[in-house]
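Read through the structures below before going on.
Look at the two complexes coming up: chain A is in both, with chain B in one and chain C in the other.
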Partner chain A sequence: MQKLVYERPYIKKLTAGVMNKFGSRSGGKPFEYIDNVPVKSLIASYGSPLFVLSEKQIRRNYRAAYRAFSTRYPKVQFAWSYKTNYLNAVCSIFHQEASWAEVVSGFEYRKALGNGVPGNKIIFNGPGKTADELLLAIENDSLIHIDHLEELNQLIILAEGKANKPRVGIRVNMDTGIYPIWDRFGFNYESGDAWAAILKVINSGRLQLAGLHCHIGTYVQVTGAYGIAAAKMASLALRCKAELQHSIAYLDMGGGFPSTNTLKGSYLPGTDTIPTIDDFAEEITGTLTKAGFANDELPLLILESGRILIDDAGYLLGTVIANKRLSEGKRATIVDFGVNVLFTSFWYEHQISPAQEFAPNMENMVVYGPLCMNIDVIRESINLPLLNPGDNVVVHKVGAYNMTQWMQFITLRPAVVLIDEQQQVHLIKAKETLDYIERDEHVPGHLK
Partner chain B sequence: MKNKIQLFIKAVVNSYAILFFSQNKVLGAILLLVSFFNPVAGLCGLCCAIFSLAITNLLGYRTETINAGIYSFNSLLLGIAFGSFYNVNTVFFIWLTLACLFTVIVTVVLVERLGRSGLPVLSLPFIFCFWIVLLAANSVFHAGLEPKSSYILSELYNGTGNLGSFHEYLYLNLPFYLNLFFRSLSAILFQNNVITGILISLGLLIHSRIAFSLLIIGFITALCFNNITNVYPDGISYYHLGANFMLTSVAIGSFFTIPSLRSYLWAIVCVLMVFVLINAFTSLLSIYNLPIFSLPFCIINIGLLYFLLLRRYPEKLQLVPIQHYSPERNLYQFINQKSRLNDLKYFRFYLPFMGSWTVSQGYDGDITHKGDWGKALDFVIEDEEKHTYKLPGTLPEHFYCFNKPVLACADGVVTTVTDHIEDNIIGEVNTKDNWGNTVVIKHLDGLYSKVSHLKKKSITVKPGDVVKQGDQIGLCGNSGRSPEPHLHFQVQTTSYIDAKTLTYPFAGYISREANKNKFNSFEVPAKEDELNPVDINVSIKRAFDFPPGYTAIITSATAKESIEAFTDEFNQTYFYCKETGATAYFINNGTLFYFTSFYGDKNSLLYYFYLSAYKILFSSDEDLIVHDTLPVQLSTNKLQLWLQDLMAPFYRFISINYSSCYLPQKTGLTIKAAQFKQIFGRQKQTMSATINIADNSIHDFDIQINGRDTKAEWIKEST
Partner chain C sequence: MKLKKNIATSENGFIFNPATGDSFSGNAMASEILLAMKNGDTEAQIKQQLLQKYEVSATQLNRDWEDWIVQLKEANLLEAAIYDSK
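Here is the complex of A and B:
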């Protein structure tokens, strides 16, 4: 007879009476494999904690999103949002799928060049571009999206005497009926600032107005906002054509589409409430195709989606360090990954699954990270089976932002592996080392 | 003025060359020269040719026909014949002038009448007019013309003649048959001169290897047949050999038809028929004391040509569609254009959807595309696992193609719409309303397209609406005989919803093969093909948009040319270069730009552009390489080409291939092109070129060919 799984003792209030409508067991099954690779073997090979990315899922997400837009609109281009996850292996997958690069700093810009993206397929966004970075982008014929007047003026000066006019876009912000309005980026539509900026670009004679850009928010959960945004962008483009005889080559609708993570404070899980990429595509393309462009003059539609293309392709594997009971009697579990590596735990109620067989009994608990800091809470309240020290857990949908916003704080950052389509595991970023952290540190002579 | 004189001289030379169905300058000049071996005849011929050219020019006939020498070569023959057969005196000139004028009139009238039926006049006007002259001169009334005691004339009268050494200077130490061959050729100019024959042979060989080989075939066939049957025991008259047998062989085998094994066989058969005709007409016309000249040749040619023209479905033995006055060029151009000119054959249909769709049932499919309804296509959208739906796949909404826009495949008028039929539950079919919600669009008289199984109440057009290609007309649905959502597309000849289908290709689409995109032009996709519309790059498209009136100046280190785009009366577009007179015909179908033919100076920049931009796809997809072939006569190795020419009607071992693709650049757009020469399957690159595009216009191009690198700047002037 097989040895039964050890079950630590627990006390649970007896709730007598009829079973509720959801049945008796709601915890689901253990999550033992990612793309057929055992979680345990991953931890054994690469240590714990460990980020795991599924190439298959990334490609599947990209293709589904591309299909959603391209079967509804004739000219669609995706640009991979570098800040979402700029591990070179990840970027390369997207570039292989014909994605351009969308970068927001000189650092990301050079990263894109390093990944072999041709200059004219890099979109340079963001409010903080330096003169040198702008010059580099001009040199490479990249698309520069202007965020503010200072940048516009600077570009006009930099563009003087250039044989090839720099290709620029105007970042437009607008009221799309959602809160907050991201009016801190770009020029406002309603106030006329955006139109004034367009006029300034055209009248300068030194810049080539290639497109218009907007990015209405993040984790936007209503499709209607995109319809409003698309309509306003189209009206600007049509006005350019009518009043300035200038055709806008592309409309960049940005990103901001939500993944199916559950935001903190949501009543229902994200999987049930979030619109699909098809819903967003329908709204945006439906608005653009009816906006009044001639069939052969429809502008190229650019999308800078990040999160929706990668969030559910990322997993964080970890190990239980200890269990405790808090003063008011609530259970707490301490795991070996903290908010420093799982940054998104500030926003999401991440789903966490045990990576091995477990007993059916569930207990409500707090999941803490290993940091000696009070803020290090992964989940404030989650129903999990009884976990023992050394057990492994899998955190789902962590592909977006974590591998860029993580920080080296108290502990070192873990390794990242990629499971390719043939289920081969590749280390795409090694575990951080003390040497790496201290490499650029200098201790003055008198302190040695 | 200088230009006019040049043109006139060219027309005079053409009048000579066209006697051998050529417009080759060398051949024309040789004929002009050798006609003066009999100075009087030569002078008369030249005068008559000039006279008729001048008169047709003055009276304002079609310039192209005049310059081709078509109105003047009969007069030329008449002049030569006059000079050969009559002694010069005062009356001679009067008669010559009148006869020449008469010939011009007859020629113009006959060219027009026969031309309507697509037939040539050949030397009929000459024969007719010379008969008139002979009848008049031989009549009881004194005309004043004094016939030379010419052996030719007597021979022509007699039909056969004794071949031998009449002229002492003719005698060269040549084998008999070679001697006969050359003299036969000279007989076409009413001479009996070996030197003339040798020179004409040289000219003909320069003009065309195919024609020359047919001359020999005609010669041998006639002689062999005579040897076997002994029709003429003393041998065939060399006049008939030249003017009837050999010319018939050339005309049938290579001039009016595309040279091929079949055309050669017809040439041989016709040579045999000429025997019958010569004998029949000789006995008929001897009653009136008239020579038959090349009448058998004219009759057999016009007769056979008309016979072939009347065919409904001419599959083999093609007639020459555009006469280039060179059998080689006719053949190579024909082979080259057979697959290239689909734009002139078909109406341009594009895919009726956006994005990537897969053919789930092709032509004559095994599910429902059967019998009269076989030539139809079903499309679905598949994911990377070849599923057409996302889980659980129980509702139409789960299917990727459901609710997706359906587009008009081409411009037209909506004729029929059904929009009320309920979408089916997955797995069920509605055989009562077989086609479901449907839109039929009329594109031309007798050419309709139909999309079916659309979503209920999704159709946004109504009968009578004008739609443009790419307009949304409805949404993909699951109505009618459709167990799961898909789009049915077919082309038909009537507007009825249940009409029979018609095989019809799509003008351009991208298919995916072995993870690479491939451009398809005028093809019908097959089952399982994954299709995408061509993603047009607007900059490239605008750069290759050359409306009539477009002018540009092309400059290189050594040359400067100004070109202009024109449209001719057949709505064909072409570039004309003012400096060199070069002409390059092209087609721009909105997806592709390609040249169809080039005439003129092969050192011109326009020619280099023709080679560089032979076929350009308006796409910036690096995967898409467009391939094409150039006509073989552009090969620069003349020896190889001459060998190929001789074999060309039966077997072609040289091919010139072209490919072009988009070349990614740090800035701007570049098209890279290459030309390969393939000999017996071995390929060698013979040209490489790049075309740079900036600001929606061609900026410059750079071509490396024959070891020379030419950089040319392109300055657009106006449109």
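Here is the complex of A and C:
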């Protein structure tokens, strides 16, 4: 006699309460393939946990974003935000799509040079540039965005005697109606500090004020804030033209557009609440085109988007280690990836899907990582089917920041693979090894 | 390990505890086991029946059984203080 399919016995308390307006989730499907490549085969080949990036999705995101802006404004340039994901393969995809590089440290700057980005297509941001790094950027004719007066003064000194004036931009911070105001970077608009910095650059005679830069926040969910920012940036540029007879070549509106991940504490899922890239583009370009620039003097619009271009192209594959019940009866599942590699689980309610067929019953559970640390919680509360040790799961939308902010802590960092547009899988970063971690360690002789 | 006497169960997985007013829904496996428990079958007998009937290893079944007992205990459906006995 053929045996029947087994399912773990399971009971669930029925609670009479208010109706759930979203209805019950029914018939969820396992997530078995990424770009037609089986999840199980990826784990079999490269181990678990494993980061997977979809080249197809990265290019699709970039092209959608470029189209959103370029169909509304005549001069648009994207610069890939290195800190979002600076794996060389990822950067190279964006550079192939004609994206410049936006870097915030000497390390990232050299990475961009190594990726073949011409110096004059590198935007150097950030508050921590050293004299050596500034000199390198000056020699390469990069765009240096000045963060504070110390840096401005240093640049004036470094520029002395240079045949070509260094091209600089002023980073401007401002009140756009969102909280917190990122006033720790750059010069304030409302207080007049930004205008004073502009005057100082122009009056120095040694620097070439090429553009103005702002970056109003991160995961900004209201398009109106960008409209206010664009209006203030345009007014500064127009004032430069009117009072100093100096044309601003570009306005860099930074990034900060959200992906469709769900922020912790959100009532509704991100997919329902986040404006699209077209909404942001409409707000920014609409404001700039109406700001009062002469038709032939519209500045180049630069965007430094990171997260929105790559978050949904990244997946983290993992394996269930164990199940347990907590003291109050709640189920807990332990998986083999922790917050040290999935940094964004601190602020997102990441969607997690089983990678194999599952029984229809869902149970509310906590998902813990493997670290022996109380903070290692991937999801505090998620409805998932009953998973067994050895089952695989897929965490969605992890492409931004995790592969740069990940930490070697307790466990080693996993490999990263890229699925190209022909569905071929490429290892773009190997799994970390003990040798690699200990390579630069030294034990003094008396301790050996 | 014994169900409270007054617990009402139905074949399609509905469970009612008249003492507390709590009700539960269970999957097919849960109702089958509850029925057997109500009939007074021992843990060993129930496991034996399940192993014969379903595609499951003894290891998996033992593991799930432990979780099952925790669920019943948490739901307050077991006779007090005897849920550890065989």
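In this section, the second predicted complex is superposed on the first by the 428 of 448 C-alpha atoms of A that agree within 3 Å, B and C clash if a C-alpha of one lies under 4 Å from a C-alpha of the other, contacts with A are read in each partner's own complex, and residues count from 1 in each chain.
Here is the rule we use: a residue touches a chain if its C-beta (ideal position, glycine included) is under 8 Å from a C-beta of that chain, and two chains touch if they have at least 3 such contacts.
Small disclaimer: the values here were computed from a predicted structure and weren't measured.
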If you stack the two complexes on chain A, which partner ends up touching A:120: first (chain B), second (chain C), both, or neither? first
Would you sort A:59 into first (chain B), second (chain C), both or neither based on which partner it touches? first
Does the superposition put A:71 against chain B (first), chain C (second), both, or neither? first
First (chain B), second (chain C), both or neither touched by A:429: neither
Quick one: classify A:6 as touching chain B (first), chain C (second), both or neither. second
Output check: A:140 vs chain B and chain C. Expected answer is one of first, second, both, neither. What do you get? first
Complex contact set, residues of chain A against chain C: 3-14, 323, 325, 328-329, 359, 361, 388
In the complex, chain C touches chain A at residues 15, 22-30, 32-33, 50, 52-56, 60, 64, 67-68, 70-72, 74-75
Which part of chain A faces chain B closely enough to touch in the complex? 59-60, 63-64, 67, 69-75, 118-120, 140-141, 164, 249, 282, 289, 295-296
Under the stated contact criterion, what part of chain B meets chain A in this complex? 353-357, 381, 383-384, 400-401, 403-405, 468-472, 533, 535-536, 538, 664-668, 694
